[in-house]
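Below: a set of structures, written as structure tokens.
Consider the two complexes below, in which chain A is the common component and chain B and chain C are the respective partners.
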Partner chain A sequence: MDHPAAGSTGMPEVNEPNHFLRIVLWWLVVSVIGTALVVFVLGPGLPPGNGSVEASGQVTDNTVLLALSVPVAAAVLVYLTYALIVFREREPEVYVDGPPIRGNASIQLWWLVTTTVIVLFLAGYGSIRLLADGSGGGQGPNPIAAPAASSSDPPLQVQVIAQQWQFNYRFPGYGGVEVPDLELPANTLVEFHVTSLDVIHSFWAYQLGVKADANPGVDNVAYVTTKGPLSVNIRCAELCGVWHGYMFETAHVVSKADFATWIRAQETRFAPATKTLPPYSKTYFPPPERRGG
Partner chain B sequence: MSASGKRLAGIAVVAAIVCVAIALYIALYLTNVPGSASAVETSSGTNLYLATVASAATNDPHPTWVSYYAVDANDQNWRHATTYVLPANTLVHVTIFQFDSQTGLRNPFIGQATGTVGGTFTLNGKTMEAIDPDTASHVFAIPAIGLSVPLYGISSTAKNPCSNAPCPLSNDHSTITFTFRTPAKGLYRWQCFVPCAAGFIQGFGGPMQTVGYMDGFIKVV
Partner chain C sequence: MSTIAVPVARPPLWRRLVGFNLLAGIALGIIGYVIGQWIGGRFTGVNIAYYSKTAGQNDIAIMLGYFFGVVGFLIGMGFANYPIQRMLGYPPTLAEHEAEEEGVGRYFRLCTDHKVVAIQYLVGIGVFFFIGGLNAMLIRTELLQPNTHVFGANQYLTLVGMHGTMMMGMMTSGILGPFANWVVPPMIGARRMAFPRIESFTFWLLMAAGVVLITTIFFGGFQTGWTGYQPLGDQNTAGYDAYIGFFALVGVSMTLLGLNLAVTIISMRAPGMTWTRLPIFVWSVLATAALMFLAAPMLIAALLMGAMDRTIQTAFYVAGQGGSSYLFQNLFWVFGHPEVYIVALPGFGIVLELLPVFARKPLWGYRLAVSGMLGVGLLSFFVWQHHLFVSGINADLRPFYMLSTELISLPTGFTFLCFMGTLWRGRIRFTVPMLFCLAWAFNFLFGGISGVFLSDVPSDVTTHGSFFSMAHFHYTIMGGLVFTFFAAIYYWVPKMTGFNLSERLGKVHFWTMFLAFNSTFAPLFALGFMGMPRRVVTYNPSFQALNDWASVSAFILGISMLIFLYNVVWSLLIKREPAEANPWHSKSPEWQLATPVPVYDFERTPVFDPDPYPYGVEPVPVGRPVVAPAGGQA
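Right, the complex of A and B next:
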């Protein structure tokens, strides 16, 4: 049965406001406010913090990604909210079907253009950021995104040796000494060489913004430029066995003078073990593969 | 019986089965925690006596698995427990009777003791800082407090090795002692770092991945 007010199209003939304009205006307001909140309020507190140059870069990246997502989410939420309020059925006893939905080339074109631009921008932005300094991620044995280092002040090389269920650290620049706890000098470019002696682990130094897989037989290089003194939570980020959940520790970034004192003490303390270590190598294939039993 | 009566009876039966299953789950699984062994207080201080053996007792669910045991000062009263209860902030003297043969460390660095008083341990009465990594049979390590002590393995040509727990001291063995200070109250894991699980790839399956054999907890109270 037709609605009494229906015209030739079968739809009520009423003076509708310009819904599209109203939705766009609301979307603009919500987007501007939401983006400002993300950039100026939420952004500075986003992980992983400012423990290194790379970590700060990741905070910027997270802020950019979140800020870009605000207008997209706002479009959905504003339209949904507007529809729920304005297009609600005010006369429940009268059931009228909505107008048929047909193709709209203009909307489809704008949808394709907008989403394509957003995706291409994100791909380009992410690639540029990764190529700048590696963003603290493992780059494999032949990194292509190394931060600039001066010839007079080369990066501090630190080998991260993972095994079930502990990380050890070897310093090839200090007699190849190996230590069970990590300290790093502040304001220094560090070149991590991450490897494993058994299964796949992942070296995750949260506050430094470093995460690099530790694969047996692979030298996975990650760069980080430390900032001021701070404590760093280190965890294994790859399920690696029964004690994976216990594979964590706290490292420290200290002043360069304190680091120099500490590394000298480690060389002395672990001199007996250092004598038994194999020559420094990017990877190790220690026996036994299988216990004789 | 009416249809509604049958439905009620069916519901009652299903509910009873679910209740029994929950009760069994709680009784047989949730409350079935591994046993623990406490340190012994003597006039010389707090002592913990342990033993390592190539194969658990013949009546163990895994009689071919390498394992730690808790023992007494005379290597008697073997108990298959790998949760050790220790007092907080206390010097604990540990004695380990080590009956297993040499396997070797994947990481030679662990051949040096760390975290003990003085950074040393004794091997058959001789004070040492480290052993040849290839001669290690096991390691007693609590990574959270930096404790790690390598356990020297008996020779592969030993005349009188022990096959299964319990092992009397008349069998070939090494005796390792060390002292460490316990941390604050809490639960800390300990583990072996030698790939000592016979028959498993890289020696790190089976008893190395099962709490109750080559790893466990230090319960500091």
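Right, the complex of A and C next:
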């Protein structure tokens, strides 16, 4: 374009009010009130709650993101509201043009700097939070971010075997017993190994803040550090066929003593079945049935 | 639509119906389908006589049926004539039903006039948009209660898949098909697209694809959603073949549409239309076109591999036999993420193109807006694995994809800054197109901010695959694309058809749609946060109140579309109030054409002034046709 971007300053004319100052003041008011409401009112109720250490971490993360997005949203909304009211055409019958302002180099620069800082902060913050404990997400076969486990207490390994349309759980530390319901001990680091026998599923333990896709032939590891006793909604979060909508159940976090009792009972109960199971492995490949075509 | 008198006596009706047109296309399409089925049956040793027994099982026969059916349809439409004529030694001609034929007939056949193709696109895509919307109504009906009560699980998932696939496949061309095809040539001073036959081809191929998708209901539907993940697709019944056929054909159509538009913009600009004088909408079309022909081939490849898995028993996606389910996810999203920007970018262009007209100011920060669009296009190829954050693939690359995803908010922010800058001290007129543009800013703001939660891995662990992400992409795609789609309709249709749309009904439509849209999708953010996964037919009974609220709002959203339909039927078909040549007092080139627009747009190639948005400056309006220099492009 032949018109340099910084050619017009966009400065208000002499007898016009200082629009910029007014917008900034309104923005400050809205942002402060909005951010305070988000942090102190909405924040504690944000998902997924405080069911585990990782879930609490996600609540913190959600609060930070929401608190940051309030001033950003407020800037756009306050500006738009102000502009639409103040700069509206009052005599629509006559076509009069506005001033030919084509840009403002310093505003563009400030915008670029501000948004870059916000974005870099978000990415840095998110990465640090993620690498600290994995945040309960699936991390593939070689996890890079595990929460610190106490050396005396190795993590409890639980294999989640997804198939159409249920989850089964296998405990390699307890003779490889496979059970259809899940109970977990409180205040324990749990190491989920999520895999699938057929199509892609996703293991979602909502209150624990755990989500890990179950891919056939893949061992997807997710960590969670449980807190107190709790009921956990388990749902499949990846479309896996006709009865995907019915692939849900309730798991329980119970005290360590209760868990020890429960798992022993399961070992006894499923002992005949355990003998016929394939040996414990990270992945399983059941013989393929006849495929389409 | 044109009122230019045709002195030639029209041939009798039967003569006009026989020839290369839609009727012949449908007839040859059906014949081709049967031939394909027969060959497929030979291939697999199934007798065509047992068709009724084997239909729905023999994937080879169905795939070949679709293929031959589409080829037959295109031959019937007349797309083979030109190559065959050339091979037989006839001279090249562009005269197919263009100058000599007026009236409704040319809308039902191969027409190389870019204005006709644009209206074909608008109506054709509109039909599928309404079918997709009807699917959404049925989905929300089912979700009125936490258990199945209207549809079974299979029907419900087919509806979900049809809705998603139809919207993502068809609406990809929703702005480029009708509006870029119509507006780009006059905006750059060309009389036609670079490849007019390919332009028509992309449209009819898209329509054939839409019919292929609808046939899925005869073969049991598909239960995979629009993502069609493997190996779920591999075990699906034959309805999934329709999904593959549809999306592969859409991929071909998209690739060609993108190439055609890009070549047109690069090589057909009139003298004086330099890169810095291009209207911003043309820039957005160029960026989108590049994404289209770079991304869509990936989709075609992924689907062909899926088709081979289903038909000739390869195992690209079967983990137990050496394939990988990750492969499909990877390939799909390498296409799929540029795809969502293919859908969003034309909206940016429409908004920034219309805003100067209704704020009566030049576009603020032209270079910034251009770099924003190109930046979005470039970055969109480096973010796809954020769809796989919890899948366990390349887990150590997640910080990178988190950064690249969040970086996209920089160029998107440029668009917002230009939007806000253009309003600054403007003289804002609240016309219907302007209202839709303003709604875009509101919707896309929330779409973008919710995207930050999905791009942040710790936060994404909960929101991934939940109603939160569903609400997010409806805010960006419906709030971003569909609202600008309607802005473009209300803005350009008076020029395209020569008739005014009712302003009053338009405002009723806008407010109903805007309020109902937000009322529908805002609660879905909350539902996702509370733990409701996508694509489920049952949900926790405690979610029912919010779901019912969303469903009732969705029905009102549906009613708003009926208001629009009523407006179209009333204004364009019944009342037919002739439009002024330039009702918006726009200064962009396409509004300087006469209404109705003559077949070859302008008599002489326009020469463009240096300023694409000459608002508030004197004296010359841009794009005023003046005498071209000798040797100007014809």
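Just so we're on the same page, the second predicted complex is superposed on the first by the 264 of 293 C-alpha atoms of A that agree within 3 Å, B and C clash if a C-alpha of one lies under 4 Å from a C-alpha of the other, contacts with A are read in each partner's own complex, and residues count from 1 in each chain.
One rule holds in what follows: a contact is a pair of C-beta atoms (placed from the backbone, for glycine too) under 8 Å apart; a residue touches a chain by one contact, two chains touch by 3 or more.
Remember, predicted model here, so these are calculated numbers, not experimental data.
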| task | Please work out whether A:286 is in contact with chain B alone, chain C alone, both, or neither, and reply first, second, both or neither. | result | both
| query | Which holds for A:98: it touches chain B only (first), chain C only (second), both, or neither? | reply | second
| remark: chain A contact check, chain B vs chain C, more residues touched by chain C
| Is A:33 contacted by the first partner chain B, the second partner chain C, both or neither? | neither
| Touch check for A:180: first (chain B), second (chain C), both, or neither? | first
| query | If you stack the two complexes on chain A, which partner ends up touching A:235: first (chain B), second (chain C), both, or neither? | reply | second
| Contacts of A:243 with chain B and chain C, given as first, second, both or neither | both
| request: Answer with first, second, both or neither: which of chain B and chain C does A:198 touch in the superposed model? | output: both
| query | chain A residues touched by both chain B and chain C? | reply | 198-199, 241-243, 246, 286-288, 291-293
| query | In the complex of these two chains, what residues of chain C are touching chain A? | reply | 59-60, 153-154, 156-157, 223-225, 227, 229, 231-232, 234-238, 276-277, 309-313, 318-321, 324-326, 329, 359-368, 388-396, 398-399, 402-403, 406-407, 409-410, 413-414, 416-417, 420-421, 423-430, 438, 441-442, 445-446, 449, 452-453, 455-462, 464-466, 529-531, 533-540, 585, 610-612, 614-617
| remark: The residues of chain B that touch chain A in their complex are 103-112, 114, 119, 129-130, 132-133, 141, 143-144, 146, 148, 189, 191, 193, 195-204, 208-211, 215
| query | Which residues of chain A touch chain C in the complex? | reply | 1-3, 5, 10, 12, 19, 46-48, 54, 57-58, 61-62, 65, 69, 72-73, 76-77, 79-80, 83-84, 87-89, 92, 95-104, 107-108, 111-112, 115-116, 119, 122-123, 126-127, 129-131, 135-144, 194, 198-200, 202, 204, 206, 209-213, 215-222, 233, 235-246, 248, 285-288, 291-293
| request: Could you please specify the touching residues of chain A with respect to chain B in the complex? | output: 161, 163-166, 168, 178, 180-181, 197-199, 241-243, 246, 249, 269-270, 272-273, 276-278, 286-293
